[in-house]
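Each in structure tokens, the structures are laid out below.
First chain A sits with chain B, and in the next complex the same chain sits with chain C.
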Partner chain A sequence: MSAEQSSGGGTVEYIQHHLTNLCAGECDPVTHAANGFFAWHLDTIFVSLLLALTIVFVGWRVGRNLNPNTPGRFQNLIEGIVEFVSGQVRDTFPGHNPLIAPLALTIFLWVWLMNFMDMIPVDLLPLIAGWFGIHYFKAVPTTDLNTTLAMSLTVFLLIIFYSIKVKGPVGYLKMFLFHPFGKFLVPVNIVMTLIEELAKPLSLALRLFGNLFAGELVFLLIALIGGTAAIGVAMALMLPLQAVLDLGWLIFHLLVITLQAFIFMVLTIVYLGMAHTDDH
Partner chain B sequence: MNITVTLFAQMAAFIMLIIFVNKLLWGPMNAMLAERQKRISDGLAAAEKGKHELELSEKRAKEALVEAKNRASEIIAQAEKRASEIIDGAKTEARAEGGRLVAAAKAEIDQEVNRAKEQLRKQVAGIAAAGAGKILGREIDANKHDDLLKDLVAQI
Partner chain C sequence: MNKPVPPGLLLVGVGTMLTSMVVAGFVLGYFTDVWLDSSPIFMLVFGGLGLVGGILKVYRLLARTAW
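Then we have the complex of A and B:
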């Protein structure tokens, strides 16, 4: 990467390089970006699956030897998260559905962990990947729209499923026809409700993606401060500045990633709660 | 940033993760939390019950104590009454016994006095007879004058 930084267009190239997924399948041979539908973002899939397996493994370890009397420190932590999530579900979800709470817990844990990849120094994972001959590595799966959209589409499918299950097919159709303006403005109603429903998964996916993408970009810009400084006096000035800025953004971003995971979880609960109510 | 087949891979991963989290983490932990909640509420109920029972038994103990005190004072009163009765009885008995003793002593004294008187009378009669004999210069035949002597004795 030092070669890129020393060249004139190094900054742009540095950022672009960092924001390019490791692509396999139908990819552009020059820009390395996806060039067709069958393009696999291997880094996204690898990291998210690794984190998912971590959750499964840790969950299995904790769930296997639960101690109701004297919980260990780690069990306490997991218990705290579980109780926090189930408290959110209790507060915002009307009725009873045993799927909602584990779904919310999964979203919170997975999204938080994937967001947490943003906390790892931006050049570290690509550097390690480079040792193995992998030259493109975008470590944060939630900066890939495929991940966020995959989750929000799954939620969207659940919304449709439970809407039809609770309201009935006719009731669901009626919601499109007569909501929100009554029976005299049916065409408007259809457009409005369609937009409203489609906005749910799109806003979920784009909010998370946007926040994390922007956060990653800021980390890249901060990383450039020290990198672009010439060797010498400027370096002595720029490197501490970079460190301080990085720390500040790190602390702030820790809040952001938690908040984004929380928002995704709560909105999922709210949307599914709306699907479970009959009063449309 | 293109939407690719990665989307479906991620969806599959997400759905599987939900299933695994539900099965491995959420299920056991929820059951454990429910069990713990039940145990805590049971414990609290048992504590409440124990407290109630303690109160009840304390009340019962107090009642028993009061009753015992009452009984004790009753018994003491009875005993005192009985003691005074016994003392009274003993007193009257003693008085009666004393009276009896006095009466017996008096009777004995009377008897002794009578006996002494009798003796004295006899001796006086003897003396009188002897004196009379001396005066008359002859022996009074005791047998002859028995009637006379007796009469004399009776007169003394």
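Then we have the complex of A and C:
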């Protein structure tokens, strides 16, 4: 313990503590990491469900109080988002499928809100959770690989479903057999197409996870500037530095979370659009 | 079904497509090399093949779009 602290173990401990999920089920009793299949990251589930319910509730409230003549500012905002998403779907998506636009809107809003949890001061939610006797609380669901992979796998299943539905089982198999090199290099085609298809959900999940995890880490490091400064003259220098850096990263990160939500949505539309074209 | 779509955001998928094809080629070649103990012949051959395949795929995708 003392050896750990003398070698800067405090900061490492701080970061590790913040990056540990509240695990239930088959978890390691020491590191609190998942240690089996039936491990539940309760904080991730809780926050993401809470945000999903927020979307449903706000959507329900706005939908009930729609005013076609004099839309309020909030209704304008929601209408703007819906128009924006459906415009993207119209521009990118070939053919017609009534599922795509709502799916894209859900992904965009949900991912954005989950990302937005990053904007809340890193120590605030764990502190509040601590009052209720919860010692581990990772507030940003998209910094948990389980969330992003679950979403990208759902998209992946939809891709397979619509590929088979549109192209037919034979057409879907043909895509693996005869692409991209025709019928002379069938084994190569199979492996290449397989890897290319598997790269879709993987890149989708890892891109979002990586961006948000790194963003969270930078927030933690900035928070450490003031926390580790010695009381006294150093504080006078470090605290303004922390405030400036935090503000800068916050503004920049606001761009990042929006961009990541947008990319996840657009790639979903594009991949599903590819699944909807006959001649792959 | 095959109406020409404006290229726009379809281009977002091009990067993933090209890279994953090249990577797929290299992976395939690597394991063929391990299997046949012929490093690095197949890795280079399949890597090149992946690049060509990727370009082919991207070309076919973009040929459908209305520029």
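Here is the rule we go by: the second predicted complex is superposed on the first by the 272 of 280 C-alpha atoms of A that agree within 3 Å, B and C clash if a C-alpha of one lies under 4 Å from a C-alpha of the other, contacts with A are read in each partner's own complex, and residues count from 1 in each chain.
Assume contacts are C-beta pairs under 8 Å (C-beta built on N, C-alpha and C of every residue); 3 or more make two chains touch, one makes a residue touch a chain.
Nothing here was measured: the structure is a model prediction, and the numbers come from that model.
> Let's test your reading of the overlay: on chain A, do chain B and chain C clash or fit side by side?
Result for chain B and chain C: fit.
> Using only C-alpha centres after the superposition, what angle do chain B and chain C make about chain A, to the nearest 10 degrees?
90
> Report for A:271: first if it touches chain B alone, second if chain C alone, otherwise both or neither.
Second partner only.
> Tell me which partner A:203 touches in the superposition: chain B (first), chain C (second), both or neither.
The answer is second: A:203 touches chain C but not chain B.
> Given the touch rule stated above, what does A:179 touch, chain B (first), chain C (second), both, or neither?
A:179: touches chain C, not chain B.
> After lining up the shared chain so the two structures overlap, which partner does A:167 touch, if you call chain B first and chain C second: first, second, both or neither?
It touches nothing on chain B or chain C.
> After lining up the shared chain so the two structures overlap, which partner does A:149 touch, if you call chain B first and chain C second: first, second, both or neither?
first
> With the superposition applied, I'd like the minimum CA-CA separation between chain B and chain C in Å.
The answer is 22 Å, the least C-alpha separation in the overlay.
> Along chain A, where are the residues that touch chain B in the complex?
25-26, 33-34, 36-41, 44-45, 48-49, 52, 55-56, 59-60, 62-64, 66, 68, 78-79, 82-83, 86, 99, 101-103, 105-106, 109-110, 141, 144-147, 149-151, 153-154
> Give the list of chain B residues in touch with chain A in this complex.
1-11, 13-18, 20-22, 24-30, 32-33, 35-36, 39
> Where on chain C is chain A touching in the complex?
Residue list for chain C touching chain A: 1-3, 5-6, 8-10, 12-13, 16-17, 20-21, 23-25, 27-28, 46, 49-50, 53-54, 56-57, 60-61, 64.
> What residues on chain A touch chain C, complex-wise?
88, 91-95, 166, 179-181, 185, 188, 191-192, 194-196, 199-200, 203, 263, 266-267, 269-271, 273-274, 276-279
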